[in-house]
Amino acid sequence: MSAPTDVGAAGDFAHGAPRVVTAAGREIAVVRWDEELFALRNVCPHQSGPLCGGVVPRLDSPRGGDVVSLRTSPIIYCAWHHWEFDLRTGKALDDPKLRVKTYEILERDGRVYVNV
Amino acid sequence: MAVSTSTSERTSAARATAVIDCGVVCNWATRADLYAYLPSDWRDYVPPGQPRFAVVMPSWNNPQGDWRPEARTTGNGQAASDVAAIAAHALEPDVGKATLLMDEGALLPAVAATYIVEQLTVAANRWLVDRIDEIADNRLRGIAVLPAQVPLHAAEEVRRVAQVECIAGVHLRGNVLGKPFGHPVFHPIYEAAAEAGLPVVIESGGDALIDVPTQPTAGGLPMTYGEFASLQACSLMTHITSIISAGTFKTFPDLKIVLMGGGAAWLPWYLWRADAEWKGIRREIPWVEVPPSEYFGRNILVGVGPLARGDDGSFDLSGLLSSIDRIETMCCYGSLYPRWNSDSADAVRDAFPASWHAPILRENAERFYRW
Amino acid sequence: MAVYRGKLIDLDVHHTWTSPDEIIERLPARWRTVASTVRGNGLPIEGPANSSGPPGGGHRGDSEPEVGPPGSSYPLMREQLLDRYNMERVVLGFNTGRNNGVSNPYFGQALVRAINDWNAETWLSIDDDRLASVVLIPGQFVDEAVAEIERVASHPKIVAGLIGWNSLGKPLGSPVYHPIYEALHDAELMLNVHIGAGEYSNKGGAAMVASGAPALYYDFHVLFPQNMMHHLASLLVHGVFDKYPNLKVVCIEGGVGWLPWLASNLDANYKVLRAEMPSLQRKPSEYLGDHVRITTQPFEASDDPARVIRALSTVNGIERMLCFSTDYPHWDGDNPRYMANRLPDEWQERVFRRNAADTYHWPAPAQISEPVRA
């Protein structure tokens, strides 16, 4: 396995704002959500759109017309058709068989590294 | 022994293959027939003779007749009002069960004269139950109409008719509040129906009344009856989309809805679109936790009539419908007899492969209605 | 499936202005104040709008230029669409074209003229032969609509008239609109009907959907092909194609999966329709092949694409009616590679290019080049 790629300073990644970086020739969406960092391939499995449309908390619903925000369970949605994927697992919310590749990501000495 | 076994086998075989007709249609002869069923104060409210209250006036009629010839106006009554004759025709030997829908009765609740219309709606259900009792064939059931302009009153009526053995479901047709039927204002009806185990039959045509503010089609009012009839499914698409997107099945998981009058040929397009849009717009409707198509067959059945297979019956309807997995679990049969475009059970057998006959002609209705 | 390697034609692309000022400055002086005073919310010159929008906005998240709204930048459109997908030609159809639906009909008429002028002076003056477009039809005054078609039709890049707003609230087969079709026919332009045809609101004479206003964007967006269904039925039934034999209607952005249902139902009611419309000369479905083209997006999405093809094939000659479209830059567009995986090999050249080229009488491209890209 090649060495982790340095993709920027820790301060470049603001909460909930996906940033697209390149590592080992791949476009990767990097997201900070509170203290956690996530890295996913920036290609939607649906129509190959850029996955980095935005990051929001997942919503649950106890009954029709009522919403519960699951703040600790973020999702990323595609910039084209808004298909949603779990940030941690890369799994599509509507179809667990469909998933986006996720990468190991770590923060060290103020820098962020992705392991492709 | 062998002979008697064979007889009993024949009987049970007949029962096992018996058809369920979810849509036989009837009318009272004149509005005066209902007045006997009004509370006495309300009988006094109504002037003698044929009163002018609550005129049901649809804006589109078939220029060649809305009813089959044998059901057209007899004497001074309206069409489809010889209920005994209609039931006798519908209850052929191979029919195991049939439900009676009221034609004008299902439009009446939308007429603007709210107070008398509520009374007449309840009276209509009493009238229907009496007709079924008179016919005295235990295969026959009724679908009750609802005073749905005030859904809380409608829910009371659902609970009342739930106590009546021959009622198998309830009916929403006239667009009583000018809103798609998924609007939360209607939820008391769905709550009561789900509790009582009564399916809610939603029939197209409920926007055709002059009293109803909604339109039966998008893009303007149809200029001919032929277009109006061809586009009946549009109304069903709107109602069921709103019922799904309002989370009605999340709130009332036992609710059963039956869509009648628009055929089933719109389903492949609709199910693909409803599911695809759900994937992109899920966030707006987080209470819809499964692809909308999953509700079909589980909470929703679609009547296959009118089959409308082109002008000569040659359109490949089963080819179209077979593009959806388990479509045969999503459909049921309602003849809509004696309307002009009613379908026989044989027409359904002719349209579909043999493996679909039992679910569409019997099994799905068996599990949806309260028999 | 094989990957189609030819050029593409895209019949549904949305272009617009960088700033409303581009339109306002082209208005006669008496209307400039009207257009400027209330333009803060963008509505006065856009026409009526529905009250809800998709959670992420109506356009692709990556389609915003540095200045102006999505669809306003030619360089970005060239990068994201024209060059990227090897386009032979695209038809630019405005953001929605519902501008004529503003409540003041005189203002609406002036606005449409200004928009048609803007189109000719901006996008259609770009030195790129891949760009074709439409004359926006000011349908609130039928005689003005005819005059506007005649005024604009001679521009070599104008290939159709667009009904972006159903001004009179009638299904489009209504005789009130026939002079417009006659003008298009005489000018050898096709009739483009974009989904919505202006029914973005339940305030007009025509409803957005049957049976009541959609409460949610989901409902609106699932159901809004309903107006296309009715407009097509109406055009088929009310003699438009008998009167104007060279006219074709191009139904844009309504998808196509509803066509088998509509065609079989209209044919099933043929006897009734004949009783009401004795002038109807053929079964409604028999007009389809000669007179109706349907763009693909939003193409019906089954997990198994062959099932959609099976359903569509219940309409005779459907592969001659379908024309590819992306709907760029809107959020729910279809990209060509995705579509190539959903169409049978033997349909691809027709759907991606030839049906559209034949419809608008475009010559064959000079060369075949790179494959469709993802």
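First chain written, first letter: the chains are A, B and C, and each begins at residue 1.
Please note the rule applied: a residue touches a chain if its C-beta (ideal position, glycine included) is under 8 Å from a C-beta of that chain, and two chains touch if they have at least 3 such contacts.
Predicted model, so just to flag it, every value in this text is computed and none were measured.
**Student:** Report which interface contains more C-beta contacts, comparing B-C against A-B.
**Tutor:** Most contacts of the two pairs: B-C.
**Student:** Just by CA atoms, which chain is the most central one?
**Tutor:** C
**Student:** Quick one: report the Å distance separating chain B from chain C, using the average Cα coordinate of each chain.
**Tutor:** Roughly 36 Å, centre to centre.
**Student:** Can you compute the centre-to-centre distance for chain A and chain B, using the mean CA position of each chain? Integer Å is fine.
**Tutor:** Each chain's C-alpha centroid was found; their separation is 47 Å.
**Student:** Among the residues of chain C, pick out those that touch two or more other chains and give their numbers.
**Tutor:** Chain C, residues with two or more chain partners: 54-55, 331-332.
**Student:** What positions in chain B touch 2 or more of the other chains?
**Tutor:** In chain B, 246, 278, 280-281, 283 touch at least two other chains.
**Student:** Using the touch definition from the top, which residues of chain A touch two or more other chains?
**Tutor:** Within chain A, residues 46, 77, 81-82 contact more than one other chain.
**Student:** Over in the complex, which chain C residues touch chain B? Could you list them?
**Tutor:** 54-55, 166, 169-174, 197, 199, 205-219, 221-231, 233-234, 237-238, 255, 257-258, 260-273, 275-277, 283, 285, 298, 300-302, 307-308, 310-311, 313-314, 331-332
**Student:** Which residues of chain A touch chain B in the complex?
**Tutor:** Its residues touching chain B are 46, 56, 59-61, 63-67, 77, 81-84, 93-94.
**Student:** Across the complex, what residues on chain C touch chain A?
**Tutor:** Interface residues on the chain C side: 54-56, 60-62, 331-335, 337-338, 374.
**Student:** Which positions of chain A touch chain C when the two form their complex?
**Tutor:** Residues 46-50, 52-54, 77-82 of chain A touch chain C in their complex.
**Student:** Provide the residue numbers of chain B that touch chain C in the complex, in ascending order.
**Tutor:** Spelled out, the residues of chain B in touch with chain C are 62-64, 175, 178-180, 182-183, 206-207, 214-227, 229-231, 233-235, 237-239, 241-242, 245-246, 263, 265-266, 268-270, 272-278, 280-281, 283-285, 306-311, 315-317, 319-320, 322-324, 341.
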